[in-house]
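What follows is a set of notes on a single structure, which appears directly below.
Each chain gets a letter, A, B, C and D, in the order it is written, and its residues are counted from 1.
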Amino acid sequence: MIIVIQCTDRVGLVAAISGLLAKKELNIISMHEHVDNTANLFFMRLEVDGASDINDLQYNLQSILPEGALIKVNPLPYKKIIVLVTKEYHCLADILVRNYFNTLGASVQCVIGNHTTLQDICARFDIPFYLVQANNDKTAFEENIINITKQYKYDYLVLAKFMRILSHNFVSRYPMQIINIHHSFLPAFAGASPYRQAYERGVKLIGPTAHYVTDELDEGPIIAQQIIPADHSLTVHDMVQAGKEIETAVLAKALKLVFDDRVFVYKNKTVVLE
Amino acid sequence: MIIVIQCTDRVGLVAAISGLLAKKELNIISMHEHVDNTANLFFMRLEVDGASDINDLQYNLQSILPEGALIKVNPLPYKKIIVLVTKEYHCLADILVRNYFNTLGASVQCVIGNHTTLQDICARFDIPFYLVQANNDKTAFEENIINITKQYKYDYLVLAKFMRILSHNFVSRYPMQIINIHHSFLPAFAGASPYRQAYERGVKLIGPTAHYVTDELDEGPIIAQQIIPADHSLTVHDMVQAGKEIETAVLAKALKLVFDDRVFVYKNKTVVLE
Amino acid sequence: MIIVIQCTDRVGLVAAISGLLAKKELNIISMHEHVDNTANLFFMRLEVDGASDINDLQYNLQSILPEGALIKVNPLPYKKIIVLVTKEYHCLADILVRNYFNTLGASVQCVIGNHTTLQDICARFDIPFYLVQANNDKTAFEENIINITKQYKYDYLVLAKFMRILSHNFVSRYPMQIINIHHSFLPAFAGASPYRQAYERGVKLIGPTAHYVTDELDEGPIIAQQIIPADHSLTVHDMVQAGKEIETAVLAKALKLVFDDRVFVYKNKTVVLE
Amino acid sequence: MIIVIQCTDRVGLVAAISGLLAKKELNIISMHEHVDNTANLFFMRLEVDGASDINDLQYNLQSILPEGALIKVNPLPYKKIIVLVTKEYHCLADILVRNYFNTLGASVQCVIGNHTTLQDICARFDIPFYLVQANNDKTAFEENIINITKQYKYDYLVLAKFMRILSHNFVSRYPMQIINIHHSFLPAFAGASPYRQAYERGVKLIGPTAHYVTDELDEGPIIAQQIIPADHSLTVHDMVQAGKEIETAVLAKALKLVFDDRVFVYKNKTVVLE
């Protein structure tokens, strides 16, 4: 059983929680906690072994934790996701493969693309693909996407190299539910053409950022980042190619963390309890 | 205050320990624990805030933990060390600099070398240097070292590129008190000339291992390892040079972990609670 | 046009080669060379721009280079490969996806497996899959594989987590044509269960090795290696899982290097001209 | 002998240069070149073996290369440097140690500091230390530094954690002669308190940038960058501490590259021929 807790910090929280678990004869397999002293917040993720009524445990936890505590007992092991794409295949294919072999930690409901490029690969994995063309009318474009999402149950929208900027209206419908892979180590090179920016600036490393999408472009809470070395020998095109490998890896890692309920969000930052 | 615990695992340990700390109004600043299910062992490192009698706390912890529990309350913040060297300066100089600026987490008592090469750098930092020449008589050589160590208080002997193999007799006098930096990612390339071995084998990465010294050459519990990329363009000499940087870094990291009481040893392995 | 050269070293080789190219008005786009002074060998990989008769250029190069020089002018841009698998999908799926999107740098002819697990994923990508069951008769097993390979043109056999040890008889039929991904940083943990070995030894990093297969198990020339950090918190199972990601990446990188004619083999080592 | 060349690109440069070297019976030990097609520039670094008159060789190279070519034959193996510091010791101590053991590739002439903190460590290594207090009068402060530099021969000023912003007037006196270590992966977190900025933004990696100083703050050509992982558990103070290790390593690497004449500057970028 997995238990995640986010609440105001106070002395004795660990004792109270572990005491409750001991009383219920739940054995702690792993426990990770973090305290942000500045924000006075307590975060915990537990894996426990043993039988217990979920509602009862949730109720008991609530009673010993500070008011306003967020508690999830045994969140769903398999989240549901909708994937948005444009033309690049690498992140999508990785997700489809993991989905097919049941190692994604989530279940892909459908894929929405603004080009037909990736339609066939979805068909090969029996995943519905919806073409939503991005014409000049952004509102209509987004309405189309929203209408498709309404046909499905989903926990997250994953932007797997979806190359359109989403409006405030769109983003606000899916608060902390949209995960994006941006192809630069943010906050460097936000916005368009990060590899070109990196090339122009002559940086010696490149790498992507997986983050939650908020109203501010490329300013949402960061989940995972990684870099690879770069040097003068790389053209912009080379950087784009080299970047694909690491984009795939970073998005995969971020999704795994989110789907495993290891990511806590506050103050536009994340706590990741691995 | 720092508390480290190593004992047999059983249900309720976290609750018991955190309950005791709460009762004593000690606030947990950080808590790291690990359970090895195969070995049925529990490891914990706590940083707590608040005033408490150390002996009293130690006694109370003993009473709630399984028999045979190893408990250290507030271990010394500054360990005492003796450093053994041969000719290479990089690890020693790093240790001397940190020692001088009080960032080593330990205090260097003296340096013992089997060459005079590093005598002057020790003098510049006012650290006693003892020359113990390694002639053919290994027993006498080691006796000389042992006699020098007897003149000092020390918690650890640090082999900072000390290029002599120590006998069973020597090693057994300092159980889990000798820390060595070996210049290969063990268990690859144990023994002599690891960089030459790496060169001959054509590996694509090289890097050192910091470990406790036991009777078996280069077989003791590993504390830290790291690698750097290598390729065909490196000669053995190049590897030796490139290796120095990473040897310095890995030994520094391992020492910091040990001096901070983050390293637990069992079954010829370590648990490192960072 | 790509030109690769491997020959005895002597003064003036670069001048001779670049002089010839200049005379033929071939512009050097990129040039990488390496000299192994110990072995007195010269290695070069060139990308040149301009029109030239391949046979003529090959002939001219032969005439200015030392006897016995290996010269390839414009090797095939798309190699042909046969992939051997057992049950694990991660490396195969990565290869199939790249093959499908024409970014593998090679073309997958067929897949041979000793379990049916990966049959369906091959079917989804329209790649022939052959089941060759490994019973007690190893000779018959290998004969079956050999017979299948005979039906295809191929440049390389790729062992994408093929968990059977191949005989001398088998390996000798495909000299420097078999590429394997071994799940440890060789020479550490050769042979069976490297992650278990790594776990038992308590190493602080794990990672795979892509190498050519020779008669000596896990002793062939290394093409690529990479590692990820490991620690006490990982069980053998965790290491296996974490290892999959990096195995996929290292095999992909090694294949790219080989398919791009960047890997030279000599003295059981490789020169990789990136 | 080392030869570095930077000039307009044209067909046949490699042939011309290597032909000249062959004629002079100079054996090429290593050769690295780069062509920036966008800028139409050619860069080369050669190590050659054999005897030749330097002026003669320089003259001959000039005659075969495009007008305006920058050619350095056998640049000084040991550059002269002046180091500027504030209070943090880590970069300075590393430089002093390497200087003392003759592995810096340069010779430290003196150290200039705006605090006395690092005076004693300089004295221990017999390096002159000048205290130049930064009062409100920035012009006078910089004049003092300039006057000290005038007393020495130097090739570079190294800002080894010198925490003052230098004026246009100052910087313009030392064009591409000032090397700084900035404690963020530029262009992210330029300016003051990069670790605090990194903490606030919640990035998952931190790391410094070594760069040439130009008029634009933290905007000069980047020589080397590297990162270490970061996570929620690090306070700003922790980041500062962790950063010191990597700052030392990156500055050391950048200096080595510069002192070895491997760094070429153009268009506010560097080509680094390793």
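Please note the rule applied: a contact is a pair of C-beta atoms (placed from the backbone, for glycine too) under 8 Å apart; a residue touches a chain by one contact, two chains touch by 3 or more.
Treat the numbers as computed from the prediction; the structure is a model and nothing was measured.
Any chain that touches subunit A and also touches subunit D is listed here: B, C.
Annotation: the subunit B:subunit C pair of sequence copies touches via predominantly the same residues, more than half of the used numbers being shared.
The chain pair with more C-beta contacts between its two chains, of A-B and A-C, is A-B.
Put simply, the C-alpha centre of subunit A and that of subunit B have 38 angstrom between them. One finds 35 Å separating the Cα centroids of subunit A and subunit C. Looking at subunit B, one finds that none of its residues touch two or more other chains. The touching residues of subunit B, when paired with subunit C in their complex, are 34, 36-37, 185-189, 201-205, 209, 221-227, 231-233, 235, 267-272. Those residues of subunit C that touch subunit D in the shared complex are 11-12, 14-16, 18-19, 21-22, 25, 27-31, 33, 35.
Chain contact summary for the complex, subunit D toward subunit B: residues 89, 93-94, 97, 100-101, 121, 124-125, 245, 249, 252.
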